[in-house]
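Look for chain A in each of the two complexes below; its partner is chain B in the first and chain C in the second.
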Partner chain A sequence: MNVSFFRSLTLFLLAGFVAYLGGGCRTKFDTAVVIPQNLKAGLDLPGAKLLFAQTRKACEGVYAVSDGSDVFGAEIAAKWSYTVKNKVDTTYHFSLFCEPQATYFVLEGRQVADSIIFLGYWRRLVNADVGTARFVVRRNGGARVLLAPDCCQALKPGDVVFKGMYGNGEENQKYPLTLSFNRPLNPKPFQIIAHRSGGRTSDLLPASENSVEIIRLAPELGATGVEFDIRQTKDGVPILYHDDQLNLRLTQKSGLIGPVENYTYKQLTSLVRLVNGEQIPTLEEALTAVIDDTPLQTVWMDSKLIRDMPLIREIHKKYIAKAAAQGRKVNIYIGLPTETTLNQFEALDDHLSAPSLCELDTSIARRINAKVWAPRFTLGNPVESAKVMQAAGLKVFVWTLDVPDFVRQFIDGGALDGILTNYSAIVAYYHYVQKP
Partner chain B sequence: MYKSPSPMSFCRNWFIAWLVVGLAFSALAQQPAPTPARARKATAKPRSGYKQRVFNARAPGYTKKGQLRRLSPDQLWDAQPDSTRPNRGPFRLLVYAGLGASYYATPLNSPVALVDKQQLRWSIPLSLRVMWQTDHRMRLGIETGYVSMYSYKGTRNGELANVRVSATPILAVFSMSVVKRFALYAGTGPYRINSNLQYDGDTQGTTYSLGWMAAGTYTQPLGKNIGIAAELKWYDATQTKDACFIAQATLVWRALTW
Partner chain C sequence: MIHARLLIIILLLLTTASAWGQQRPGRTKRAPNPYRRAYQQGRFVAPDSTSPQVPFVHFPYPLARGINRATLGVTFTTSPRDITEQTQIDVPAGDLVILRGLTKNLALTGEMKFQFLQNNAMAGLRRTFPIKGRFYGSAGAGLGGWFGMLRLADFNTSGFGFMGAADVAVGFRSSRDLLVTFRLQKDLGLLNRTAVGQTVSDDGRIVSNGYGATVTLEQAFFGRRHAAIGFRALYTNFNWQFWSLYDTFDRNIFYPEVFMGFFL
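Moving on, here comes the complex of A and B:
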């Protein structure tokens, strides 16, 4: 063993280390964000009652943050949503949207004696920070008003005060957080459309992108609508899947690789699971979840690779009718991102009456009688074009906006009817706190 | 905002990592190792009447028995200390053909929906490597081959499902002889990953996965241009998280010398 041997060995180990670093940038993908569980047990107190609809509605608003403003910002927007499980079990979630680092809270509330308690978790979408939070609205802190049978006439600033504590991770809540009602939410109709059915798998959400589970989660994150990515299997079944290949970004390791269109639906349901263990859903399963399980109002069916547009249109019509039959106001649009899908769509006999969303030129959107024109955000804030299109009866959605400064600028422009985003909580914050 | 590493940045990291490795190897190869023996040689005055023995690597000498003298990497190096001079060599083209056993060494989670599952991680890999042996320590080459990474089977509603996954590496390989007959290898490049599913029909899939390899060989000469090597190797197709450990016997053929 001479010096050169050890030098070579050292270099070889160095090579291995550098190679390890090269692969190490994937580590963040594998880091699980563990949402605190079993929080509901803290709400099951003797005598605890669910909140009435008018009480829930009255809780919504923009709150000023006193204790905790250095962490969660000076203002928080609070909004209720719901999820239905098994068609009968409805759970109401009280979501709080904050400006710093795309932070949101998901809470559940109960009336306990003459107070209202809220318990849940918080999460920052820009990293893996999570924690728990607990709030109490005492009788003299606004609970008397909120729980009154005739609740609630216009609340004034300071009428309702949430005295709370929060903690990091699974630790006990030990930091104070106080919210004081300031004003109602921005009432302007606006669609917050969650990309990939709710959010990206890479953002370490508790459900995989384009799954039924993330659709059910989307309202808690602030979404009022969702965008699906539609492909068709080898045997023609429309499914939700974003990428053109089966890969580890979206699915658990199964040995199946290559284009998703090469596999039959039976093969995919039997052998492939999304990253968090869900099945790849069919388009019909996804639309059923939207209509039956959530308060979502908009569905943007992005046509990634469609061979059978008439089939998509049949499903489209079926679920528009289903929503109407259930009294749900859900706008379901066939998304047209390319000339290919546009040609397929225009080949439909009833394409002029089919609600569609056109990502192409304004003239094309008008020609096909699209209900929505959706330019990409990199073209700039389309204030003037939006006015023209809105005058022609179209809505204008912009995709895909994630950067907080851009979100604020586009919302402040006031020309849009909706924004497609990976971070619904950010858009929800900037929209709801905007003063009319 | 939180930005996930994109495939582009992943490739860039790999490129930079291997650029660093390549430059480090190259830098090392351009400098004579400061062994005590070399230091003595460099400072010693030639004795009068003594003809110093000089190895000529381009025309290797013969032993007293008339056999071709095999030169170790260090001897080659001593014979040609200045690799920048115009008259360089010798250069050789070495061909390695290997056969052995592989073990799939990363977690394998066959689908939970299957029952009566059976997994197979062992296989018999083949490899073919062509290396350009330069007149300094680093060798460059390419490697390919075939390794069946893993397979599994199970039943779903009474119907048999069978999945096989194999890989064909297409790697750029660097090698360095660290002591006589012992060499280390490092390589990077894409792996062509193939899958075959037999369930509800027969479906093939293919993708390319960027990865790397590392290996160590001990070579025993068998003849003038033939040798046999014992080789331990790690194949890692990083993007698809497939990796296997290989132990194989490799036939080494010195195909060309110039």
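Moving on, here comes the complex of A and C:
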């Protein structure tokens, strides 16, 4: 036993401790926030009826918050959306958007006798806070007006009152939350475009980014449009995938490594699942979901790595026609983020008539007859440039804007036609509560 | 993951270097340290008088009034994948640490990290006290700020902020003059202001940003060059180095840092 032995032993123990610390600090991608389940059971009461379209429409608006304003802010914007499952089963969701920490509620409503009840969950997108909520609109609290056959005349402030309770996590709803109708939503056309088809995986959403499932979720989060990331498999199938590599940020362990472009579509569908268990969707599956299953109005097809632009254009045309055939007003744009994709796009014979979205210089956007010019938000609010582009017939979207203070000011600037964001709920709140 | 492993390997190498760096081939047994008994008895020793060959800036030991110590080095921080996702940004920052004795137990501390496009500086006070034997402790607090400017390509952004920090440290001085310091810190955000173009976002709330733990070794490597090396684990909701990424998460994120400073 000499000094060297003890020194070696000390170093060995230190190495073990450090390795333990390192292992404990290794990157772990948190699982999705668990949304409280079985809420719908509370709506299946005897005699409960679905709400009429005019009743749903009349519920939309900006509500003043009395009880609960310290938690959810002074105002809430309320908006309906829908999701279609299996082409026939339509579910209507009543979403409430609040600014503090990108909070939103997703509720379902039923008429029960002469009242309307709403039940659902709330979540803050910037963290993992989640809970349940229940509201009642009683006959003398506005239900009489909302349920009238001739609903509805323009509501006045205070005409409709949602008396509610909310709870944190799975606990019972024990905190009061009262909403009082204040004014209609801002009617100005504006696109709230959800990044990565609805939201980032890192925001712990219940569906993975760039999946069909998150496309169906996007309207509940406040989106009126979605942005996809398109790549092509080894056998040329356009798919939705963001990163350069297959990795644990986006996928479950599969044994496959390297770029998705190294694998065939069959290999990816049979061996790879996104973090929440979904398959990597094809571009066609994603566009079908947008048109058939949601009320989304805008699709921004971001060309991450495209080898076959003519194929993308063919799919593009096919789904524009499909939307038109179904009477759906959906603007589908081929996104051009780089010089490479721009060159590929300009090589198309019909590129001047193909709806495109250009992230490059304004002169390029005009040269290719883009329908949308999309500058990065880090350049500032492009008020003057936007006016020029809008005068030339283009729309202007900025990307990717998440900071609430910036969202508010960019919207207040009034120069934009849309914002691409990871937090649709924030953009929805600031857009809808803006007074015309 | 790879970066965490890399950091561990670097730290192990540095630790090994630390232990073996003291060895000199064929060295003769060193003369007894006249102050050794004082250490072992836990008696307070006059500032900086025990071994002027062992400078320190992190070790919680008194520094005589008017004495200055400083290191200049570099800090490596790896970007968290929560924010930068598949992209990894590993930009080293220059790191200047200064210590100036004010009174017997009180010292002025200063640290400046600079990357030119974004910089951070903090100044504070620390009070040191003997614990027992070769163990010493300190408690300190500081105020500071950061500023950054990114005006190139698709960026026209700038920002600045103020922050505060409080820390406690425990140090152990080995018989071979290796100074080991373990420090816990609590970080506060006092103000952050960022701008994109003409649009400004202010956040004047005083918030708890997070906390961190640091292990530092200070010694004369290979009997020649005095240096401080260390590893810092920050678990915070705001890291000034990544202000331009506009992270909106309301949760603490792990930032590993490795730093090395050479005594000036």
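What we mean here is this: the second predicted complex is superposed on the first by the 406 of 436 C-alpha atoms of A that agree within 3 Å, B and C clash if a C-alpha of one lies under 4 Å from a C-alpha of the other, contacts with A are read in each partner's own complex, and residues count from 1 in each chain.
Basically, a contact is a pair of C-beta atoms (placed from the backbone, for glycine too) under 8 Å apart; a residue touches a chain by one contact, two chains touch by 3 or more.
From a predicted model like this one, the values you see are computed outputs, not experimental measurements.
When the shared chain is aligned, chain C comes close enough to touch A:N381, but chain B does not. Of the two partner chains, chain B is the only one touched by A:L246; chain C is not. For chain A, the partner with contacts to more residues, out of chain B and chain C, is B.
Once the two complexes are overlaid on the shared chain, A:S202 sits against chain B and chain C alike.
Touch criterion met: A:S254 reaches chain B, while chain C stays clear of it.
Of the two partner chains placed by the overlay, only chain C lies in contact with A:D405; chain B stays clear of it. Look at A:A324: by the touch rule set out above, it reaches neither chain B nor chain C.
Contacts of A:V126 after superposition on the shared chain: both chain B and chain C are touched.
Touch criterion met: A:Y423 reaches chain B and chain C at once. Overlaid on A, the two complexes show chain B and chain C touching the same residues of chain A, namely 7, 11, 14-15, 18-19, 21-22, 25-26, 29, 102, 126-127, 202, 245, 247, 402-404, 423.
Taken in their complex, chain B has these residues touching chain A: 1-2, 4-5, 9-10, 13-14, 16-18, 20-21, 24-25, 28, 33-35, 74, 107-114, 150, 152, 156, 161, 163-165, 176, 178-179, 184, 186, 188, 193, 195, 197, 199-201, 203-207, 212, 214, 238-241. Looking at the complex, you find that chain A touches chain C at residues 7, 10-11, 14-15, 18-19, 21-22, 25-27, 29, 101-102, 124, 126-128, 202, 242-245, 247, 249, 375-381, 402-406, 409-410, 422-423.
Within the complex formed with chain B, the chain A residues making contact are 1-5, 7-9, 11-12, 14-16, 18-19, 21-23, 25-26, 28-29, 102, 125-127, 200, 202-203, 234, 245-248, 252-259, 262-264, 266-267, 269-273, 402-404, 423. Only residues 1, 4-5, 7-8, 11-12, 15-16, 19, 81-82, 85-86, 150, 154-157, 194, 196-199, 201-203, 233, 244, 246, 248-251, 254, 256 of chain C touch chain A when the two sit together in their complex.
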